[in-house]
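Two complexes, one shared chain (chain A), two partners (chain B, chain C).
Let's turn to the complex of A and B:
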């Protein structure tokens, strides 16, 4: 083998002109391939680690408490964070953010525009590297990014130069913003411009950035509540789906109930359970409920409750009477209370008759979410009917966990179905970038296609070049083949020499191509593009093309090209080896 | 090592027609002979040499080189036979153009797996023996025809084969250079007892060969032995030292 390699390399070095031509073509092809691949990786990096990170995160947990209007709120932030902490490995997770944004009408100096206000958590400690990345992404050219965290300024806000122009504001000017808070109330607030961004990211150009705590305050979030959660992963492509699946499993809701005290003529401990209002649940209620008093249609109405016969006797309640219920909230010291009308009295097992109140879900969740009840695990204090109880399937849960979906299309279908169901409980969805940012990912697919085309072009350069060169070479070297066969070289060694020559040439050309690619990428990165208002701006990083070559990618490309070259060289080489030595010796140019 | 040929036939296919190149040759070449096969173009000289060297297969007949029946050897065994026991010299020298004189000579040893140091020593010594000590690092295009053919002779003898088949070795050389080359080969024949078998239609080669087999239309017309003493050895040595061309 060594002597074959020696002979091949020597032939390669001695037949300079032809090899330089072919080698240059190969190096050029490799340069295109590496550059295209690195660009594609760069764009993926921008998308996965810069755009999607800010837009949707790699994995998202979204909440909706509203039916007509989307209200993204989860009432127990610590609980959700704990689930995340328990179900994602530390070395897989890069960051967890609260994603709160609101559509607003912004009024500047004599001009108004629609904007999205997005919160940034300035209190979080971030690594120097990440901070540098933030700085590059925001590219604040006037004012300061850090001023967003200032308490002495009323709602400091950062916006793009384009948006500042459309609102006719400059640094230190006041913008009035009108919006609806999480309770659906129309609100207005003042925000002071503390910085302007020169940003080439189209998704950031229409956004007003404020401190997370400020936007939460404006939107009416209480300290224990959070908005949608965005999870940034270290390896999103590998981990996003499995992380989402794991979280989905861990976020299975428990039964919803309020355990408190009911007061009528007397008082008693009670557990209030929601029954769902969809047709299936109503059918279950109709089929299994036994009423001692009242009409079932009244019972299923939204405005009242149904209490057990023993409990009714205990507190002296009857259909039409009012009862008062109080309970201990999870996040307040003072008991919460509300009153409601008794619509019916049911009969059933003694425990249920004595301890349960059934409430229509519309009414129940209003009280449940506005003052989340304390978590009670003591069975004496809270009575939950067993799973085999006829009603259990009609009872509501803490939230409704939506099924996992894989694509945007599936997610859209799912949303439409959920909208039809008119679910009264909060819905919770665990999603990944493949559902939430598929349009951006599609762009990556297009770029991969471009890379593939580059590969195909390269493939043809190599195939045609190698075949042609080998044909020429074999023709030119026919007598040489005859001679070396005459002096005793084996057929397979002749074949190996030609293949080795091609493989060696490809290898050296690939190395040159890689060097060339790095030079080209460096040069292209120096060019500054001014692509304001151009959607292609999202492919840029700081107005420059972003190339991200990877060692594994380069090695793969080189091996791939060598493989193509070897496969292409095989047949002409075999033909050369199979040539009759006597015929080859008779050959004259 | 003796070459024995019995009733040898070789036909070629040419445009669908079978053309006979050798038609029933019987020949025995004994070890150490310095023989020539002569005849006009197309008489089958080169074909005969190719068959003896295992580069071509006969259509019929028997060919033995030493104890080996060439008809029974496969391609690999034929290659091994050429590599270790037969040397070739061609009319057009057939040196590898991208290799220097030394590398051309070393090539055979490289194929035999001889280590680099020994390869270089042996090849240099042989090149010196053929009078090319000063030209070992020259490429073929930098050498004259005679020098190139001497490199070819050096390549043929470096592995110390038992037989050298020389296909019209002087055809591309002028009279004087051809004579010197013949003297050189005779000297090698004499000193190393290598069997030389030429194909030629050069009168000078015919005159200097100790045995002349004359072919016409693929058959042996005459077979003449001239005996020893035809060459004046001392003269040859002087001449080859004086002029290296």
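Let's turn to the complex of A and C:
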């Protein structure tokens, strides 16, 4: 083998000029391939770690408590964070954020513009690496990022230089913003500019950043409540889907109930359960319940309430009478109470007759979410009918967990179906970037495809060069082939000499190509692009092209090229080896 | 004895006078406002909105509005500008769709969807009673905030109300209503932190089937000064509307 390699290398040196030209072409191709792949990786890095991180997170948990309008709220932040903590390994997770943002009309100094206000949690401890990344992304050029956390300034905000220009504001100026809070009420607030960002990321140019606690207050969230959750993973491509699946399983809701006291003529302990209003649930309720008095149609109406016969007797309730219900909310010192009208008295097992009130979901969830009871603590004192009860499927749960979907299209279909169902309970969806940020990911796929096609065209040309060079080489060395075959060299060795010759040339050219690629990437990274209001700005990092070469990628590319070259060289080499010694020796040009 | 009788008479007269001349309660006024404007029939009307925005000039939006309260339905068909012509908004019960003529598609939308790019939201066209949404605002001492005063040359009651539900645009409002017939003349809308967001002037009313209908209203944006919208309502009909009006095919056929 060493002997064959020596001959191959010697042959390479015999045709220096030709091989230098061919090698240069190969090195150029390798340089393009490595540079393009590094650029593509760089774009992926920007997409996954700098765009999606801020847009949707790698995994998201979204809530919607509204039917007429979207109300992204979860009433027990601590509980959801605990589920996340218990179901994602510490070494997989980089960060967990509340995704709270709002569209606003902003008025600066005589100029108005539409803006998006996004909350940043300044109280959270993040790793140095992540903090450095945040700083790079924000790129605050005037003022200070840390001023966002100041309490002595009214709603401190950071904004891009472009937005500051469109609002005609400078540092320390006041911006007035109009927005809708989480319930849809029109609100107004003042915000003070504490810093300006020089940001090349188009998605961040229209955003005003404020401290999370300030935006939550403006939006009407109470301290124990949270908005949609974004989870940032260390290895999103590997972990996003499986993390979402795991969370989805852990977020299965329990039964919804209110355990409290009912007051009519007398008072008694009671558990209130919601029944759902879809057609299937209504049918189940009709089939499962018999009324001692009242009409089932009234019970199944929007404000329908039915009470057990024994309980009705105990508190003196009858259809048309009003009852008052009070219970201890999880997050308030005072009891919450509400009044409702009884529409029917049901009969059933003694326990159910004595302890239960069934309420239409429209009515129930209004009181349930506005003063969330302590479900976990109250479980012992509540009476929940067994799971195998014929009507248990018609009863409401703490929330409705939507099915997992894989793509944006599936997620859109799911949303449309849910909108039609008019679910009154809060809906909860666990999603990944593949559903929420598929457009961004598609852009990455398109870039990769364009790179691949360009490189394949380039290599087709190079392959033609290799074939042509080999053919010339074989033709020129036909008599030499005859000689070495005549003195006893085997066909296989002749073939190997030519293949080794090509492989060696490709290898050296690849090494040169890699070195060239690094030089080119370094030079291209020095160019600063002043991209404003251009979508292509998302491909830049700090106004420069972002290349991210990887060792595995480079090795793969070199092996790929060598493989192509060897495969290309195989057929002409086999033809050379297959020549008879006598014919080869007779060959004359 | 005479003296005692006189004192008793005086007490009664004072009490009666207080009763006669006492300011009505805010809740009574709210109910009266509701009652004089409450329509019990179906409605069809032409609505013209002239919207003036700073740096954007004047935009005119015309639409036909159909409302049937018996099943909580309404239909809005855009007539102008040309770019919006044929588009529509249909609400039947809890379902609310937006129709786009260009794509011939219906899309489920929220109640706070802006109508034809104007400041008006879909929920503004719903029939929701004032007393279901608001209650009288009270001072620290627990008294209702109500005053008698003059609005220009017209004697009015001025009162303040606060929202008792969360899904309203403005959590606080101040009304000026005429003393003689309880018609609202002016309305101020405030955000939760007491910022004045908008002023509405109800400039003209007409009487349809014994009920008052505001036919010219001016909405002034107090947040972004210079923005205002004039709403004019004409061609009001209270004839019963056909069922087919509140269907998707009707809206689709309009743009064919």
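Basically, the second predicted complex is superposed on the first by the 580 of 589 C-alpha atoms of A that agree within 3 Å, B and C clash if a C-alpha of one lies under 4 Å from a C-alpha of the other, contacts with A are read in each partner's own complex, and residues count from 1 in each chain.
Here, contacts are C-beta pairs under 8 Å (C-beta built on N, C-alpha and C of every residue); 3 or more make two chains touch, one makes a residue touch a chain.
Please read all numbers here as calculations on a predicted model, not as lab measurements.
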Chain A as common anchor, with chain B and chain C clashing or fitting: fit
Partner chain(s) touched by A:11 [first = chain B, second = chain C, both, neither]: first
Which of chain B and chain C A:489 touches, first, second, both or neither: first
Chain B versus chain C as contact partner of A:386, first or second or both or neither: neither
Which of chain B and chain C A:178 touches, first, second, both or neither: second
Which superposed partner A:70 touches (first chain B, second chain C, both, neither): second
First (chain B), second (chain C), both or neither touched by A:420: second
C-alpha centroid angle, chain C to chain B via chain A, nearest 10°: 150
Which superposed partner A:187 touches (first chain B, second chain C, both, neither): second
Minimal inter-chain CA distance - chain C and chain B, angstrom: 73
Residues of chain A that touch chain B when the two form their complex: 3, 6-7, 10-11, 14-15, 479-480, 482-491, 493, 580-582, 585
Contact footprint of chain A on chain C as seen in their complex: 54-55, 94-96, 108, 110-112, 123, 163, 166-171, 189, 191-193, 195, 197, 223-224
In the complex with chain A, residue positions of chain B that touch it: 50, 53, 55-56, 75-76, 79-80, 82-84, 87-88, 90, 92, 94-99, 103, 107-108, 110-113, 155
Chain A to chain C touching residues, read off their complex: 66-70, 105, 107, 112, 176, 178, 180-181, 183-189, 220, 416, 419-420, 422
